[in-house]
Structure formats: structure tokens, C-alpha cells
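By letter and in written order, the chains are A, B, C and D; residue numbering begins at 1 in each of them.
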Amino acid sequence: MVLILLSLATALLSYLLGARLNRMTAFALALLPGLGALILGVGTVDLPWFSEHIRLTLAPNHWGLVMLVLTNAMVPLIVLAGWRDGVHFSLQVALTFFMQAALNGVFMAQDGLAFYIFWELALIPIYFLALRFSEGDRFAVTLKFFLYTFLGSLAMLASLFYLYSQTAVGDDGHHSFAYAALQAVELSSTEGFWVGLGLFLAFAVKIPLMPFHAWQSDTYTQAPAGGTMLLSGIMLKMGLYGLFVWFVALAPESLRYEFIADWLNFRDLILIMGLAGILYGAFIAMRQNDAKRLIAFSSLSHVGLIAMALLTLKSDGTNGAVLQMLVHGINAIGLFMVVDIVERRLGHRDLTQMGGFAKSSPLFAALTLIVVLGTVAVPLTNGFPGEFLMLKAVYNSGTGACGILAALTIVFCAVYMLRFFQLSFMGPEKQVLSPLSWNEKWALMLIAGMVLYLGVQPQVVVDFIQSNTEQWLNAIAESGGMLS
Amino acid sequence: MSSLPIPFLVLSFLTILCALYVVSSKNPVHSVLALIVAFFSISAHYVLLNAQFLAIVNLMVYAGAIMVLFLFVLMLLNLGKAAEPIKSNAWAISAAISAGSILLILTAAFQRSGEQVYRNPSDSVGLVKNLGKVLFGEYLIPFELSGALFIGAMVGAVLLGKRDSGDHESAALAEEKGENA
Amino acid sequence: MNTVFQQVDISHYIYLSTVLFCIGLFGVLFRRNAIVLLMCIELMLNSVNLLLTAFSTYMGDSSGQLFVFFIMVVAAAEAAVGLAILVMIYRNTRSTTVNFLSNLKG
Amino acid sequence: MGLYALILWPLLGFAINGLLGSKLPKTVVGMIGTAAVLIPFVSAVSMWGAVQEGALVSRAFTFLQVGDLHIEFKLLLDRLSLVMALVITGIGTLIHLYSMAYMAEDAGFYKFFAYLNLFVFNMLILVLGANFMMLFFGWEGVGLCSYLLIGFWYHNPEFGYAARKAFVMNRIGDLGLLLGLFLVIQHFGSLDYQVVFSEVAKVSHPQWVYTSIAVLLFIGAMGKSAQIPLYTWLPDAMAGPTPVSALIHAATMVTAGVYLVVRSEALYALAPVARDLILYIGLATSLMAAFIGLKQNDIKKVLAYSTVSQLGLMFIALGCGAYSAAMFHLVTHAFFKALLFLGSGSVIHGMHHEQDIRRMGGLRKAMPLTYWTFLIGTLAISGFPFLSGFFSKDEILLHTFQHSPVVYALAVFSAGLTGIYMFRMFFLTFHGTYRNSHYPFEKVHESPALMTIPLAILAVLSVLGGLLNLPHYLTHNMAEGLAHWLAPLFVFGDASVHVEASTEWALLGVAVSVFAIAFFWMRHKYISQGAVAEEDADMPASGSVLAHKFYVDELYDSLFARPLQRLGEWMYRVLDRKGFVQGTDALGAITLWKARVAARLQSGNIELYLIIMVLAAALMLGLEMFA
């Protein structure tokens, strides 16, 4: 609650400040919720909301806490370097803070309806950010993004209501939206499938998993840099977080639902989607010349692996996936920041027109290289431990061929990320970049620092989430789910 | 059925006939006149039903006020001979089917509801005294509200009928001519 | 024994007013002249009035007749406003046929 | 601290040079860089005695601990890693010294030393790691440094492409290694060498486990040590500065694959199929690279193919189970190949960045020191009796002879080819007449002392390197020094030589005569007849195939690279744009179209509305009544 209220307060304040809001103030404001939560705690609450039975329950689990850290650490960086100076700066910052509030709510909610409300609330600021500040055919692209995600969310709402109607009736004669109650519902396989499908659709669109990605590349490419960072860095994690906490944990029965008798069940289908996404995203990213689109497709490739690893339902895979969610947030924001810094100076992001930035700005090149290496998952950068655990889990979970194909990502990722780096920073010097401004420099340095720190000390995060993961996996195993 | 009193039969026949004429007449003025006759016969029905006060009011309000208003508008706009576009047979048939199906369903509904005998006749309910008591007692608030409704209708009618200050008929006509040309 | 309603069954009034109602309805559907349309509506209202009065008398309850008053009130108001609208439309379109009014087309 | 002293110095050097190097004078940068490698060398030497007692282990922190999997950041210095560490830091020091002069003109001087130090750091992690994960850290780390250093002159897109190719090829190998590690974890529950190998020693798993792990690890080695089919990156890697080629692409990094196999000796001992695979791939690589080397005209390319060929020879030894022989050749190869590369660097330096041997000739007079040291290197690699290469190569040949005479014959043939292409290059470079019209002979100069001193030291090592592991027939007291040193490490033991002394002498005779044939043939051709390598245009068909490296690059290009690119292109343009994106848009369009159809009902025709209303009312009443 502290986090949400502080974020809302900063949003209001930065909107009211208007033109008087400068970058330093905005950054300070952005730090406020996180620092406030460090001092006061995140503010676990359990208040009656719509009624005594539909409550505002905010009590993050450890995964949620990791995501909260990501959100509240990354939003300041987005504010620091994601938004450009200009007349709309305060509006953009205010909407970013508003979004921060909603995201904080999503990662804390322990009540179905509250989760849904925060989930949809997060869509509002990004919708306006994309609509106002996108380039190109912004109405069509934003509308598509909005409708696509919104339809998925409606399916989730239906599933949540169905689950609600199936919860045990308490002493007072009412059903409950509480997470524990929803989780306790026993569903038949078919029932579970439909409920699971509804939940899955919402998350699969938001992540996005392979066949649901049609909105992604255009939105990522055309949205303003800050918006893209919010989308790929944090909002995408909502989908992954939901996938496990609100889909697998609530409807584990659905995973066993057989499409083709004994041969293809729902879980296999999701694994295939993840795998398809890995390869598909990688293949396309290898040939992109638009830097932003390249990173968008690389993101598609990376999250495919995360989804696969989550669905292995193994402690190493799931831990690795959560770790990677954090890491991917950092790296994606870093990469989009790099592209934006370049675009600000050149006015375009066509890789074939770039080259040789390393000569004029060696610091920028070094920082970018660190982020790129993190994305490529070179050991001792943050990308490696998560990817190692995930690939190991996928490979060892009995689907060897799947595991090998998934592991091809480490080759393909190297191909397209190094191509990106080489075309922009190496080669003959085509343009001279003006030096980084202080805010860009610091934002990138902080990100590079995180890349290195988490690369050497991933155990800090793993320790934090491990018990939580075990608990989840046991709960899923008990409630009739599958642990192969 | 056989012993239906003559006045009732005559009046009913007249009412239906006039109603049919209202609907079928090409000339709106004839329709208005037929409607007035129909209202008169309905008032006569009221008398038969011992609702004398209602009969008078019906004559005054409908036949008197409302129908005169209609006539007035007709003449004001000089619509008497205005050729009404003839609708195709398909329209007539579909309208007949719609109205007929309503008729069918309503009668069927009545048939199915069974013969409920309402025999608690009273000669006095239609008297002004009784009506007044109920109207100003039980229905006082609706009565006041209908007054408010009237004022609203009056204001509305005046507003609608009034020409806009900037709107000159000549200008409208000129515009129309321009469009035609 | 001399009153009509003791000789006439209420069902006849019901049939009568149903027939009147449907004639009015047919007129509404069939005619295009807005004034005739309004008249048909008055006819329909009157058929309802007749039925209400009949029920009121047969049941010995004066509420039915009071409803008739209210219906008359509404009918009068409706006629006034309706005709005013009509006049205004006529001023703008030089016609009172309803199919000119297709601005609601979606 | 313990062993961390070894690896932290280079890291410190990297940090100082990387962060502050641009502000420091070049001499200081060079000193720091060199010291950061020299100090670990000295401390490694000082640990010699301690290691003899037993392996040293030091543990820093837990890297990852998930469930049963426990991965520590832990270093291990045992006899094997000590040998590797000495080679890395020893030769590394010399090359750092050399680079101070060689790179003196370069604007990226500080960056170069930073990268080199980072490389040494990663290489030390690779060999000092106490578990496979640490090895993997170093493994990828050196790949990264190799990428950075190959692309050091990044202004040239070709070089950048070569760097990328090296990294990606290595990554393909790494993929195999990674999968191997997953299997190791799955079956042995740990990555720690001690745990894994003691598990392996119990031989409690089915055969296929050992075989598949061994093959997967070898795929990793293929990438790093440039074996068929993943060797094409190494010749291209010569785009980097010459000291880099010497350090990374000749002496140290490329031998990591050999180290990996020697380290996993227990696994390979149980996987004869994998060993055979190694043997034949090594043999094929050795022959193929030697053939290609015959027709290369870039002085560094010749050396690069020679490196690939020699690495193939080491893998032949590994395939025969002769681990110490492979290690021996690794060490001697590090000496003479570093010498040769640095010598070629000296030539390139003296010739002002000319690398084509057809444009050289007669340099003997202009750069005598380089000439003599280069000669020693050439003799050593070609197997001149009693130089280091002679002993190490001979031991490998001995093992192949024991294994199978056919393999032996092919290996000898490959060794003969080595002599041919090396002397061809040597004579074309240093003998004959000067053939470069663009750069006058008078300007060709001997390199400064900073470059020639390392050359001299390496030359001495190349001559004396054989002392490490002398064969039986020469001495009894000092024989097999390296083999004895390494023996305690092996779980299942090294292949031992058990042929008659007379056979040994006979084989020796074969080796010497092969060398002699190569030497005199080349001497005849290039000195007596004064032949010069053909220009590209008038090359016979067979030579052209060799000069084009059997068209393997083109093959890979059309087999993998281009289809993948086209697939990516197709996926984006057709599948994504036309399929998914337009498909989604089509859904929207269909909705709009349906809406337009539905909107037609809203015609504005009031009569129609009325009829519909009445009918609907009738319907509702009817339903109410009859339903």
C-alpha cells in the first residue's frame, strides 16, 4: 500500500509541477516509492473493498517482491534516461509513475479482483503514452495493442469469476476472491482447461508468447523509448509473473488437459509455444536492420525460454526463470536505452546507416557491450546464471530434442546481438556521436553495474526466491497438478 | 352473444368503421373528421359504462381540444391535398402481418386467461364525486406531477414552434432552392 | 337490469378495444404522413382508455378511470409536443412524411 | 587469498588499464599490463613445490545453489593446471613485453593491454577452475576476449566479421559443452571435478552416459581448438594484432580443448567411441589444414593453418589415450608457435604491415635476429632432431603407431606436410630476392630489443623444450618428466609406450627422413630454383582449391549462413508481417465489416424500426404465453 500510494502521490505531484519538473526532481521523485518502502515496508494490507468479501489484499510473496524491486528500481532509470526533454516531460513522467503504482499493485495483490483491477489499470497509462507519443501509424498500432491485451484480460476476468463461483462458501454465506480460496478450488480436467485457458490467454498476450505476439513488434518499435522500456522491461514481467502465480498455481489441472489423447497436453503446447518463440524471434532478429525491432524480436526469443522454464515445474527451471525475469527487465531496458540514445542523436535507428560509434564514445561502447554481453548470457554477466538454470531444466526434463533446440538460443542470440553491436559501434566511423549527457551516462552505468553484479552474485536473488519456489511447486503437485 | 343490446352493437360497429376510415383515408382532413366521430362513439360507450364524467371529459379534451389542434395544424401547413407517397403492397402486407399478429396474440392471451368474471358492478364509480375523492386523495401526487408535465409540454411546444431568431424562412427557402438547383 | 354492462360481457369490450388498438397500430405502421400517424396513436390510446374504463366499471374500482385521465393528460401533452415538432420539421423539409427523417441512419 | 593472487593480478591490470589507461603514458600502461602477468607467473613458479605435495584449493563464494545443485566459485591448482598456468603466464609475459613495442604506435594501446590482461584472467580461470562451471566461465571469457581482440581494429568491417565468426563458432562449441555439463549434473549431481571424477571412477553408469558426455564435451573442444567442422574461424582470426595471434590463437586459448579432454581423462577412458571420434577428427583436421597450408600466401594464415594442423595432432594423441603426449606437444607447440607468430609479427612490423610472402624475400640480411629465431622455430615445428618439436611430435607418432599403422602413416604424412609448408614460407620470406616494389628494401629494419628479446627467449625454449619429456631411448633418469609429473592425476592412467627399442629407432628414422625430404625438396625448389609462389590468377586447379581452403567457408555460407538469413527474412516478411500481423489486422477488419453489415439495419427508416419493434413485441408476448 505504501508503494502504491507513494507512486500515485509522485504521479500527481509531477503532473502538477508541469514545466517546473526537471530531470533531477523527477528522478528523486521516482526513487521515493522504493525508498519509502525500504523504510516503511511495502505496506501489507487487507481491507474490505467492494464488500467484506471482495477485499483489497496486498501481501507480496517473494517472487512478487523481486518484481517489486525490479519495478521500483527500473522506473527511476526510465525516468532518468527514457523520456526526452520537452514540453511533455512532466506528463510522461506522471503517467510513468501512475503505471508504477498499478504495477506495484499487480505484484502485491493477493485477491483475484484486486489483481485484475491493477492489471487493467496498468494498461491505461501505457495506452495514453503510446497513443500520444508514438511515431508512425500510432492510432492503429496502439489500438491493436490495446484491444489485443484487453481481450486477453477479459478472458482472464471470466476465468476468475468462474473460480470465484466455485470457491467454498464461508460462514457468512459468500464466495471469496482471496488467493488462497481460489487456489483451493478443485476443478475437473475439462473445467480446469477452460479456466486455465482464460487465464493463460491474458498472460500469453502480455508476455507475448509466439502466436500472440502480433502486437508486439510494432508497438515496441513505434512506442516512445520510455514506453518501450516500460512495456518490455516491466509490463512483460506481469505476464510471466501471472503465468505462474495466477495461471499454473490456480489451474494446475489444466496443464494435464489432453488435446490429442496422451500425446499433446496443454503444458506441452505451452512448451512448444515457448520453443517456437525462441527460434522464431531469433531468426527474425538476425535479419532486422531497425535496432528497436531487432531488440523486440530478441525479447520474444528470450521470454519464450522463460515461459518454457517456468513450465518445466522444476525447482532449477522455475528459479532460473524468475531470476531471468529480473535480468531480462534490466537488460531490455538497457538495450532500448542504448537505441534511444543513438536515435536521439542521429534521428534514425537504421543499423545499416550506423557504424564506428566506439571511436567517438568509448565509454558508451563499453557500457553497451556489457549490456549486450548480459543479453548474450556470457558467464559472469547477469544473463548467464538464469539461462544456465533454465536450459538445464528444459534439457533435463526429459525432452532432449526440445532442450537442444532451446539451447540454440545461445548461438543465435550471439549472432544477432553481436551483429547489432558490430553494425552500430564497430566498423568505419560513419557518424560522430555527441557525448552522453550526465543522466544517460549514469543510467547506463547503473544498468551495467547491475549486469555485472548479478552475474557474479546471482545467489542473492536465488536464495531469496528459492523457498517460495519450492512452496509453489509443492502446492501444485498436491493440488493434482503434474510433476513429471 | 345473441342478446347483446342494440346500442352497444351499433356503437361498436360505428367505432370500428370510423377507425378503419381514419387509417385508410387518403385525405388527412377526412381522417381527422372520422377520428372525431370515433371519439364521439367512444364517449357514448363511456356513457353506457356509467362513466358519464369521463365521457364529457373525453369529448372536451379529445374531440374538442386535441382534434382541433390537429385540424389547425393541417390547415396551417396546408397539408390537405399533400400527396402522401404511396407505400408498396409489401409494406401494407408486412404492416398487416405485424398488427395482425399482435391482434392474434392479444386475443389468444385473453382466451387462455380463461373467463374471469368481473361482476362487482357499481353505478357510482363514474360519478364526479367519487372520482374527485380518489383523484385528490390517493392520486394527488400523480395529479400534481401531470400538471408539471403539462407545463413542460407547453414550454416545449412553444420553444419548438417558435422560429429561431436568426432563422428566416426566406433564407431557408433560398437555401432549399439552391439545393434543388 | 337496464344498464348495458349488465347485459354485455366484459370480453366484448376487450375484443372491441383490441381491434381498435390493432387498427391504430396498423395505421402507425402503414401510413407515412406524420399527422395521420399521430392520429393513429391517439386512436390506440383511446382503445386503451376504453378498456380501462370497462374494467373499472366492471370491477367497481374508480382507479381505472383515473388512469384514463392521466392517459388523456399524457396524450394531450404528446399531441402538443408532437405537433410542434411536426411544424418545425415541415418548416425545414417542406414535408411531413416520415421517411425523410433518416438521419439516424447508422 | 591463496590462489586468488594468481587471477586477481590480471584482473587488476585490466581494471587499471581499462579505466585509467587512456590517461596514463604508454610505458606505464605496458608495465602495468606486463607486471599483471609476470607476478602470477612468479607466484605459480613458487607454488611448484606445494603442488607437488598435493593440489591446492581455495574457495571464494557460492555462485549458484539451487536444490541439489551446488556450484562454487572455487579454484584448484594441481599438477595439470600448474603446467597450463605456467605456459599461460610465462608466454603471456613475453608476449606482453613484445606488444609494448609492437603496438607502440597504436591509439588503442591501453585498450589492447586491458583486453590482454582480461584474457589472461579468463584463461587462468579456465585452467584453475575447480569445477566445470569455472571452466565454462573461463571458456566463454576467453572467447569474449578473443572476439574483442580479433576485432581490435574494428574500423575494418572485415575484421569485425571475423571476430563475430570466431565468437559464434565458439558458441556452437560452447553449446555442446553446455549440454555436456547438463548431462554431468544430471548423472553425477555436481560439477566439481573431484566429485564428478570420483563418481565416474565407480563406473556405475551405463556406457552411453560416458560416451554422450564425452562427445558433447569434445564438441566444446572442437569449437575452441578449431577442429573440423568448427575450425574455419581460426584462420580468419588472424585479423587481430599479431601478439594476439601468438598468445590466444596459437599458444593458449586454442589449446583449451586439449586441456578439457586431459582434465576429463576419466570420462574419456570410459568412452572409447568418443576417443575414436577424437582420433579421426584430429587426423582429418591435421591433414586438411596441412594441405590448405601448402598454398596460403599470407604469412599469418600459413601459421594459422599450421596451428590447426598441430592441434589436430594433439587430438590424435588424445584419441590414442596419450594424454601426457598431448600435453607435451601442447607445451612445446606453445613455445615454437608463439615464437613463429612473434617472428612473423617482427617481419610484418619490419615490412610495415605487409603480410604476403610473395612480396617478401631475402629478409635474412635485413633482420638477422628475426631470421635466426624464426629458423629455430621452423626447425622445431618441422621436427628437426633433438629440438622440442621433434620429441613431442615423435611421441605422438609412436602412440599412433601403437594404435594403428594406417593412422600412423597418415600422421607421418601430415608431419611431412608441416615441414613442406613451413619451409616454403620460410624460404620465401627470408631467402631469395626481395620482391616488394612498394616498400624499398632499405627501409626494412630489424625490430627493437623489446621484440627481439622475447623472440630469443622463446627460441631457447623451443630448442630445450624437449627436456621436459625426453624419451626412454636417450636417458633413463630424466625420461618422461612430464608424464611422471602428470601421472598421479589420471584416474585410469595414460597410454604407455611398449614397443621394442628397435622399433622406436626405426620410427625415429622415418621421422627424420620425412623431415629431411621436406627440407631438401623445399630448399631445392625455392632456393636452388628460386621459384616463387604463383599469383592467384595463374594457379593450377588443385592449388586453387587449396588456396580457397577447400571452399569450406563458401560451403558453410551456402549451407547454414545464407539459408538461415533467408529463413529469417522470409519469417519476417511473410510469416510475421503477412501472417501474424496482417492476420490480426484481418480479424479487426472482419469485425469492422460485420459491424458495417449490422449497421445497415440501422437504416434510419423509422417504419422499418416500427415494424421490427411490433414484431419483436409480438414475439416476446408470444414467447411469454406459449413457452
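Note that in this section a residue touches a chain if its C-beta (ideal position, glycine included) is under 8 Å from a C-beta of that chain, and two chains touch if they have at least 3 such contacts.
Computed from a prediction, not measured in an experiment: that's the story for all the values here.
Any chance you could name the chains that touch chain A and chain B both?
D
Going by the touch criterion at the top, tell me which pair is linked by more C-beta contacts: A-D or B-C.
Between B-C and A-D, contacts are more numerous in B-C.
Going by average Cα coordinates, which chain is farthest removed from chain D?
Farthest chain from chain D, going by C-alpha centroids: B.
So the centre of each chain is just the mean of its C-alpha atoms; given that, what is the distance between chain A and chain D in Å?
37
Could you put a whole-Å number on the gap between the CA centroids of chain B and chain C?
For chain B versus chain C, the centre distance works out to 4 Å.
Using mean CA coordinates as chain centres, what's the gap between chain C and chain D in Å?
99
Using the average of all C-alpha atoms in each chain as its centre, how far is it in Å between chain A and chain C?
Here the centre of chain C sits 65 Å away from the centre of chain A.
Show the residues in chain C shared as contacts by 2 or more other chains, in ascending order.
Answer for chain C, listing residues that touch two or more other chains: 25, 29, 32, 99.
Among the residues of chain B, which are close enough to touch at least two other chains?
If we look for residues of chain B contacting two or more partner chains, we find 91, 94-95, 98-99, 102, 106.
Please set out, as single numbers or ranges, the residues of chain D touching at least two other chains.
607, 611, 614 - these are the residues of chain D that touch more than one other chain.
Where do chains touch, given as pairs?
The set of touching chain pairs is A-D, B-C, B-D, C-D.
Per the contact definition, I'd like the list of chain C residues that touch chain B in the complex.
3-8, 10-12, 14-16, 18-27, 29-33, 35-36, 38-40, 42-43, 46, 49-50, 53-63, 65-66, 68-70, 72-81, 83-88, 90-92, 94-97, 99
Give the list of chain B residues in touch with chain D in this complex.
Residues 91, 94-95, 98-99, 101-102, 105-106, 108-109, 112 of chain B touch chain D in their complex.
Touching residues of chain D toward chain B in the complex: what are they?
607, 611, 614-615, 617-618, 621-622, 625
Spell out the residues on chain D that touch chain A in their complex, using ranges where they run on.
Counting only chain D, the residues touching chain A are 18, 22, 61-67, 69, 111, 136-137, 140-141, 144, 147, 151, 154-157, 160-161, 163-164, 167-168, 171-172, 174-175, 178-179, 181-182, 185-186, 564-565, 567-569, 571-572, 575-576, 580-581, 583-585, 588.
Taking the complex as given, what residues does chain D use to touch chain C?
599-607, 610-611, 614
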